[in-house]
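Structures follow.
Common to both upcoming complexes is chain A, partnered first by chain B, then by chain C.
Moving on, here comes the complex of A and B:
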C-alpha cells in the first residue's frame, strides 16, 4: 500500500511541476496554452532519446529543458499578436503537429509504440532505494518549480505579466515590450514543464505519443482551475487533488467491478464533471488568487 | 480527377460541422470546443435509430433534431452562464463538456468503430476517377444543406436577425430582435448540422467515440482559415483545407531533392492542415475571408 502511495505522490509531483508551469502561463500571464502537454513531452522524449542514444538518462533533462525553452520562446514570438482564443487553438494545433511528427519519425522516436527501457536517473541504485530517491527528486523538483514560479510571480516580471494579462494596452503605454515578456514567460514556463515531463518519463520508464494527447493538457488545466487560477500553491494542490481522484476512480472501478475498458471513460467523466462544476460554482478555485497590496515605495 | 474527388469528399466530411461552428461563433463569440462532439452524438443516435428499424433518412432527421435540442440545452445551462465570466472560461467549459460527452459515449457505445449496415458497392468511374454512389449521395446532401443554410442566412428574416445580432448585438436588441431566440435558433441549426455531418460520416466511412476529437482540429483549422464567424468563409475554408491535405500527400516532391519519387507519408496529411492553421493565424490572425463589418 505504501508503495502505491509513493507511486501516486511521484506522479502527482511531476504533474504538479507542469501545472505550476501552466499556471504561470494562464494564471499569471493570461496566455491560454492548450498545448501544454507538448512541453511536458519534449522533456520526456529528451530523456528517453538520450538513453537510446547511449547517454545517461539524466543528461536528457538539461537537453529537454533547453529544447522546450527554445520551443516556448518560438511559440511566444510567433503568436505574439493572437487573441486569447486564437492563442488557445494555435497551441492546440502545434501540440498535435508535434504528436504527429513523433508518430511518423519512428527511426528516432520509436513511432506510435514510443520508447521505453532503463531510464532511471540513478542507474546504480536498486529497488526500493531507487523509488525513494525518485520520490525525493520529484518532491525537490516540485518545490524548486514552485519556488521559481512564485519568485517570478512576485517580482517585477510577474507584475508586468499580470498587467499584460489585465490591461495589455496600458502595459505597452508604460513602455513595456510585451512581446519580449510573452517570449520570456513562454520560455520559462516551457522549461519548467519539460523538467516535470523528464522526471515523469524517467520514473515510468516509458513514453509514447499516446501520453501526449490533448487530454493530458486538459488534465493540467483541471489541476490549475481546481487549485485556483493565478495561485502557485493552488496549481500544486490541484495536481495532488486530481491525481488522488484518479486513484479513487481506480478503486471505485474495482469496487463496482467495472471492466477496465470503462475505467478510462470513468476517469475522463470524473475530471470533466469536476472541471465543469468548478467553473460554474467556484471559478476562483480552492485557493483563489489573492489581491495584492501595492506599496507606494515599491 | 481523382484528386478533385478526394478533396471534395474530405471537404464534405468537414463542411457541415464547420459551417455550424463558424456561424454559432459569430453569435456567441467563443470557440465552442464541444461542437464537434455533436457530430459524434448525432452519428451514434443515427445508428441507434437505424437499429430500431427506421429508414436511414428518418434516423438522420431524428438524430439531427435531438442533437440540435441537446446543443441548445447545453448552451443555455452551461455555456451562457460561463460566457458572462469570460469567453475563455466558456471555451474551457466547452472543452469540459466535450470530455464529458466523449466519455459517456465511450462508456455506452464502447471503443469499437461502427458504421451503418449498407451493402458494399463497386465504385463508378467518372472521368477516370473512382467514386461510389453513396459518396455521390453524401456530397449532394451536404451541398443541398450548405446551400439551403446560406439561403436562410442571406434571404430570410431569421438570417437577417442572425447577422444583425452577430454584428451589432446592442443595436439589434434596440430594434426589437430577441437575441436569445436567435442564439437558440442558430445553436439548434449548428447542433443539427453537426449531427447530420456525423451521420454522413457514419454512412460514408465509420465512426467511433473519438470522432469529435479527430474532427476538432481540422474543423477549427477550416473555420479559422475561412475566418471564424463567417459562414461563407467556412465553406471556402473546408475546401482550402481539403485541397492542402490532399495535395501534400499526393504530390511528388522529388523535384525538390532530385529523387525520382518523394512522397510525404500519408499520416502527415492532417499535420499539413494544422500547419495551414498555424500559418493562417500568424499571417492573417482573423482568417482569409474575414471582414470586420459586414452589411446586414
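Moving on, here comes the complex of A and C:
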C-alpha cells in the first residue's frame, strides 16, 4: 500500500509542476493554453531521446527545459497576431501537430510505440532507494516550480500579467508591451511544464504519443480549476486532489466489481463530473485567488 | 508639443475624421468638444496609438509618432484615460497604482532580490503618496473595480501621473462623476498642469470646460470647426449649429436653452 501511495505522490508531484505552470498561463496571465500537455511531452521526450542517444537521462532535463522555453516563446509570439480565443484554438492545434509528428518520425521518437527503457535519474540506485530518491526529487521539483511561479506572480512582472489578464487595454495604456510579457510568461511556463514531464517520464520509464492526447491537457485544466484559478497553492493542491481521485477510481472498480475495460472510462467520467460540479458550485476553486494586501511599508 | 497634420480616419466607407489639424502647446489645457459621434474619442484613440490614422501625420516634440504602437506612445509620456473606467476586479487600488510605476528590475524574469526590493519599496511609497493625495487612502485595499465611478477616474488619473505622463489625454473625465467630485477634479487637473503636464480633455460639461480649459477645439462630423477660448464658444455660429441645428430649423426650445447658456 505504501508503495502505491509513493507512486501516486510522485505522479501527483510531477503533474503538480505542470499544473503550477498552467496556472501561470491561465490563472495569472490569462493565456488559455489548450496544448499544455505538449510542453510536458517535450520534457518527457527529451529525457527518453537523450537516453536512446546514449546520454544519461538526466541530461535530457536541461535540453527539454530549453527546447520547451523556445517553443513556449514562439507560441506566445503568435499572440501578436491572434486574438485570445483564436490563440487558444491554435495551442490545441499545435499540441496535436506535435503528437502527429512524434507518431510519424519513428526513427527518432519510436513512433506510436514510444520510447521506454532505463530512464532513471539514479541508475546506480537499487529499489526501493531509487523510488524514494525519485519521490524526493519530484517533491523538491514541485516546491521549486511553485516557488518560481509564486515569485513571478507576486512581483511587478506578475502584477502586469494579472493586469493584462483582466484589462489588457489598461495595461497597454500604462506603456506595457503585452506581447513581450506573453512571450516571457509562455517561455517560463513551458520550461516549468517540461521539467515536470521530464521527471514523470524518467519515473515511469516510458513515454509515447498516447500519453500526450488532449485528455492530458484536460486533466491539468481540471487540477487548476478545482484548486483555484490564479492561486499557485491551489494549482498544486488541485493536482494532488485530482490525481488521488483518478487512481482512487480504480478501487471503486474493484468495489463495484466492474470489468477493467470500464475502469478507464469510469475514471475519466469521475474527473469530468468533478470538474463540472466545481464549475457550477464553486468556480473559484478550493483556494480562490485573493486580493493581494499591499502595505505602504515593509 | 503635439501637432497633427491632416489626420483622417475612415472605417470602410464611413469617414469619421477628415483633415484634422490640431496643435497643443506645452502647459496648455485644451478642451476637445463636439456632439456625440463627432469623432472625439476616435481622435483620442489615434493620438494614443490605439487606432492608426488612415492618413496624416502626428508629431510629438518634433518626432513622428503616427505609426507607433500604443505602449510605445505611452512610454514617450502620452498617457490616456478611458471614457468608461476599465479596472481589474482582482487587484486593489494600491496594487493597480503599482502596475503603473516603472520598475525595470521587477519586470525582469531574473533579478537580484536586493535591487528589485529597493525599487519595489520606492514604488509602494509613491503609490501610497498618490492615494493620499487623491484622498483615496480609505479605499487603498479595496478592489479597483469596486470603488465608485468618480473614484475610478481619479485612480486612473493617478496611475497616468505615476507612469510619467507629460501629455495627458482624458476621455470624458466627468461622465458619471457627482458635482462635488467634479469641482475637485478641476482643482486636481489644474494642479497637475502646474506640475508641468499638458492636458487634452474630451468633455461635454460646458461649465467644467469653462472652469478648466485655456482653449477649446470643436469637432463636428469629423471636421474641426472651431478653435477658440471657452468664453467665445457660444458666439461661434458653427458651434451652435453643430449642437442645436441651423437657426431657421432650430426648435424654439433650443433658442431658450441657448439664451440661458449665454446668460
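General remarks:
The criterion applied here is as follows: the second predicted complex is superposed on the first by the 292 of 298 C-alpha atoms of A that agree within 3 Å, B and C clash if a C-alpha of one lies under 4 Å from a C-alpha of the other, contacts with A are read in each partner's own complex, and residues count from 1 in each chain.
Just so we're on the same page, a residue touches a chain if its C-beta (ideal position, glycine included) is under 8 Å from a C-beta of that chain, and two chains touch if they have at least 3 such contacts.
Treat the numbers as computed from the prediction; the structure is a model and nothing was measured.
Once both complexes are superposed on chain A, the partners chain B and chain C fit side by side without clashing.
Once the two complexes are overlaid on the shared chain, A:264 sits against chain B while remaining clear of chain C. When the two structures are aligned on the shared chain, A:253 is found in touch with neither chain B nor chain C. When the shared chain is aligned, no partner comes close enough to touch A:233: not chain B, not chain C. Of the two partner chains placed by the overlay, only chain B lies in contact with A:82; chain C stays clear of it. With both structures placed on the common chain, the touch criterion links A:150 to neither chain B nor chain C. By the touch criterion defined above, A:163 lies against chain C but remains apart from chain B after alignment on the C-alpha atoms of chain A.
Within the superposed three-chain arrangement, the count of touched residues of chain A is higher for B, of the candidates chain B and chain C.
Here the vertex is the CA centre of chain A, and the angle it makes with the centres of chain B and chain C is 80 degrees, a multiple of 10. Between chain B and chain C in the chain A overlay, the least Cα distance found is 11 Å. Shared contact residues of chain A with chain B and chain C: none. Chain contact summary for the complex, chain A toward chain C: residues 152, 155-157, 159-160, 162-163, 166-167, 169-178, 184, 188, 230, 289, 291-298.
Only residues 48, 50, 69-72, 74-75, 79-82, 86-92, 94-96, 98-100, 102-103, 106-109, 116, 120-121, 123-125, 127-128, 140-141, 143, 156, 159-160, 163 of chain C touch chain A when the two sit together in their complex.
The residues of chain B lying in touch with chain A in their complex are 30-31, 78, 81-82, 85, 87-89, 91-93, 95-100, 102-104, 106-107, 110-111, 213, 216-217, 220-221, 224, 265, 267-268, 270-271, 274-275, 277-278, 281-282, 285. Residues of chain A touching chain B in their complex: 32, 78-79, 81-86, 88-90, 92-94, 96-97, 100-101, 103-104, 213-215, 218, 221-222, 225, 261-262, 264-269, 271-273, 275-276, 279-280, 283.
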